[in-house]
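Chain lettering (A, B, C, D, E and F) follows the sequence in which the chains are written, and residue indices restart at 1 in each chain.
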Amino acid sequence: MFAIPLGDDGARLRPLEPRHAEEFLTHMDRGREFIGRYIRLPDVVTDLESSRAYLRSYAEKAATDTGRIYGIWMDGGLVGGVLFRTMDTQRGVAEAGCWLEPSAAGKGLVTRAARVIIDWAIEERGIHRVEWVAAAANEPSIAVARRLGMTRDGVLRESYFYRGKRHDMEVWSILAPEWHTHKQAMHA
Amino acid sequence: MFAIPLGDDGARLRPLEPRHAEEFLTHMDRGREFIGRYIRLPDVVTDLESSRAYLRSYAEKAATDTGRIYGIWMDGGLVGGVLFRTMDTQRGVAEAGCWLEPSAAGKGLVTRAARVIIDWAIEERGIHRVEWVAAAANEPSIAVARRLGMTRDGVLRESYFYRGKRHDMEVWSILAPEWHTHKQAMHA
Amino acid sequence: MFAIPLGDDGARLRPLEPRHAEEFLTHMDRGREFIGRYIRLPDVVTDLESSRAYLRSYAEKAATDTGRIYGIWMDGGLVGGVLFRTMDTQRGVAEAGCWLEPSAAGKGLVTRAARVIIDWAIEERGIHRVEWVAAAANEPSIAVARRLGMTRDGVLRESYFYRGKRHDMEVWSILAPEWHTHKQAMHA
Amino acid sequence: MFAIPLGDDGARLRPLEPRHAEEFLTHMDRGREFIGRYIRLPDVVTDLESSRAYLRSYAEKAATDTGRIYGIWMDGGLVGGVLFRTMDTQRGVAEAGCWLEPSAAGKGLVTRAARVIIDWAIEERGIHRVEWVAAAANEPSIAVARRLGMTRDGVLRESYFYRGKRHDMEVWSILAPEWHTHKQAMHA
Amino acid sequence: MFAIPLGDDGARLRPLEPRHAEEFLTHMDRGREFIGRYIRLPDVVTDLESSRAYLRSYAEKAATDTGRIYGIWMDGGLVGGVLFRTMDTQRGVAEAGCWLEPSAAGKGLVTRAARVIIDWAIEERGIHRVEWVAAAANEPSIAVARRLGMTRDGVLRESYFYRGKRHDMEVWSILAPEWHTHKQAMHA
Amino acid sequence: MFAIPLGDDGARLRPLEPRHAEEFLTHMDRGREFIGRYIRLPDVVTDLESSRAYLRSYAEKAATDTGRIYGIWMDGGLVGGVLFRTMDTQRGVAEAGCWLEPSAAGKGLVTRAARVIIDWAIEERGIHRVEWVAAAANEPSIAVARRLGMTRDGVLRESYFYRGKRHDMEVWSILAPEWHTHKQAMHA
């Protein structure tokens, strides 16, 4: 019933709910290898039960206002999404993230979707700092952080153990005043 | 972030979430007497805690796809809402309902909002029968059922004990094929 | 330890408890097809675990005084039962129901048992309205409602989806004053 | 609905349920001092909430078949009760107990009620050993154990800390074969 | 990190935690038959899941200060342990127990470990009565009770149903003043 | 029963358990202002209930091997502590932290205690990266990180909202190989 257009190409952002578990799983199956290069999501969502459990955990976060997950739909199919892994409106901090199946890459979908939810978090919900954490080797994700106007706060050395290797993780962030400047620059 | 316009007067339908607990309570305080003539909602929502608990219970229903609640906003304020008290997509039945503070009455807001959610339930979610239960004496609610094209299935005699009196309850319903006919007639 | 004779034929009514799970399952196995023509009970009770879970749910209702289940024993064996699916002593409403395996049909057992529990609900527990809901096609159940002196409140059109078909459901009820009249007429 | 006569004086044994919380509390208030000389029950049941919680815990035991509580009613009022604090039908052991308000003492009510439930436990539920634990100084309770044909297994020295003092506790028991002999002797 | 030497032979006492589940299971596998002659522990700990669940239950007891479990390590391997099945610091009673794999028997390990934890319970935690319950036929366990200076309170006849047989259970205990005397005698 | 000496001055490290709730609260009361300059702990532990809840949460972490808390005792009193806020043995990462009441400051107690638990985490539990997060302005804590041989990974800008101000947070860490080198250098 609810959907936000992400541009002229028909892409739409909608809340991703437990009832989408089947569709989410199929989507994950299509992007499993690609998505799983740097993030654990495909290892977490492996069958209908785990898919529902994952979306259920975000329904719980939405109910307690501590996180959110949104899907990106394109040509009628779910192709990726953005989320707030955590969101603390009292303390003003939130950590955003994303994922995308390969067929939808290269269109700027994640950047567009992230802009929508970051703007909502900062302008409507009073978040002061939005964080973005990605493996240093995950260039597309780092590129999104850069496009969103974020600053690199540091590198957590060998902090992320994934598929047998220890990865450095970069922490990027944007603060509310920086977001306002970034938006003006974008529309200038 | 998500909102559906209900017409040209600026009224908008949005999911009502636990984070709206404070706003929901204020709204309930404004409409307590009027809303409470026939429905129990104002007796359930009496302070911030109960307001949050009530919205929390609907967040749980949304997460399990067994119910929904939506608020109607007008001129920036919450003035009423519509809901699916129950929704069983497997068996194809749902019970809809509504409430409104007095300042927003007489504008057809509930009928407009109910049309949106009934259409979603029947067309997108496969619901076959949408039910509407109201006290026989609750004329505005009965009028909405009639305007929605519903049929009266019966009267549950003295089934509703409320504020010291036993009320007859009318059960109205519309089936999916009837909804299709009703929509065509409306647009004809 | 506790049992109520239902007449001269040795039939007895006793609380049905989780510890009867095995006996309840065997009984359900004998009556599965017959009982399952119109009610879902046999689909719910399919093995020892589900049998225990079902009786457990009624033990929970008994503990919170929101429902009850009783078995009918005949010649040492469990042959059917009556129940209050819901019971709200504060608001004075309860919904009664029944089931029977075929070998015990035609003896008026359910009517006799239902009389005992309805009388208890109305006379000892202050219930004002006892409801009886049955598929319109379920003639034996409708006949019990009639024999209990109930009135038909209405027909919930296509409200019951069961085994691939949508059934009309009849709602019957008897109010406390009507029950008193009915009892006098019976004993006249 | 269910009740077992305990003799010619109108005393009756019935399951004690959470819905009796109010009546149970009033009864406890009447017997608080007398009952509380050796057992903790009056300290546990002090208001409506704790009364309900206590009976709720026994409803849970009944549902899992691990304990039971029964009230003794006399002249329409609750005057005491017997219980199985624990009951393990798989291992064949159960611990019985009792309480009584002073106005009902001296009539053999507890012995009569205990006989009913012990007989049920041994003959219908397959319990092999029924235990009875009482403070060595609690003469009435020790007397009941003796009247029930039990044997003293030992004295747990200073094992029971109650109201600032350490009490010796006597453990009495009767085994199934002993119960059969005891019953024959009683009826001889 | 934490360990207490039990003597000159390198034996050490350490808290046994859920993270030891695997090691605990292997140890139980080695001693299954020997340990299982009189106690149920080997029937409870049969695979990794049950091993973790058992240790988890004691972590919960430690957190609520209602029980404890400690392992005895010898030559780098877990060979047995002592525990407080229950511990009630408010009422001053605790029930101690033990187990040992056969390779470690005959060295007095359990007696040494039991002394450490009983001393802690009585001297540091204010326990007044430490109880020891063992099958009458379990001579090694009865011998430990005797060596600890305990007194036999009684014999619970046929109270313990285990592997198809009903066993008499002996209850031994030592009270705080007795413990002080026992310690002095030991060091005299 | 279990304790580790931290040096020649009698300071000892022991597991901090829910049963220490009262002592922990008194200690917190003594250090409330000093400890609370940069960390939230004193705001979390304000009365007996919250003290117990806090220690209870760490008992739960210990049971699931996901965190630990240890107290530092000096002259018979609790004066501070160290903890693993998180600990993931599968992925090899843990976040350490500390607190101290002012009377115990300046003695190197935290550094000594942190060394013990970091060594245990890396050498016995297989942790690869130990992290230390502190407000940039919290010089004593930053000094400990430096003394422990850690490296600064970055500064999370305005990420910590505390007492009305947004603080930069420094992230320091030491990896297992670095820890080995650090230990050799210390003992050289």
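Here is the rule we go by: contacts are C-beta pairs under 8 Å (C-beta built on N, C-alpha and C of every residue); 3 or more make two chains touch, one makes a residue touch a chain.
Fair warning: this is a prediction, and the values are worked out from it, not measured in the lab.
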Distance-maximising chain from chain D - centres being C-alpha averages: A
Relative to chain E, chain with the most remote C-alpha centre: B
Chain B onto chain D, rotation angle from CA fit, given as a multiple of 5 degrees: 120
Chain F against chain E, contact positions shared by both copies (same if over half, else different): same
Chain pair showing more contacts of the two, A-F and A-B: A-F
Distance from chain C to chain B - Cα centre to Cα centre, in angstrom: 33
Mean-CA-position distance for chain F and chain C (Å): 62
Graph class of chain-chain contacts, one of line, ring, star, complete, other: ring
Complex contact set, residues of chain F against chain E: 1-4, 14-15, 17-19, 56, 59-60, 62-65, 89, 116-117, 120, 124
Contact set on chain B toward chain C in their complex: 90-93, 128-129, 131, 151-161, 166, 171, 173, 175
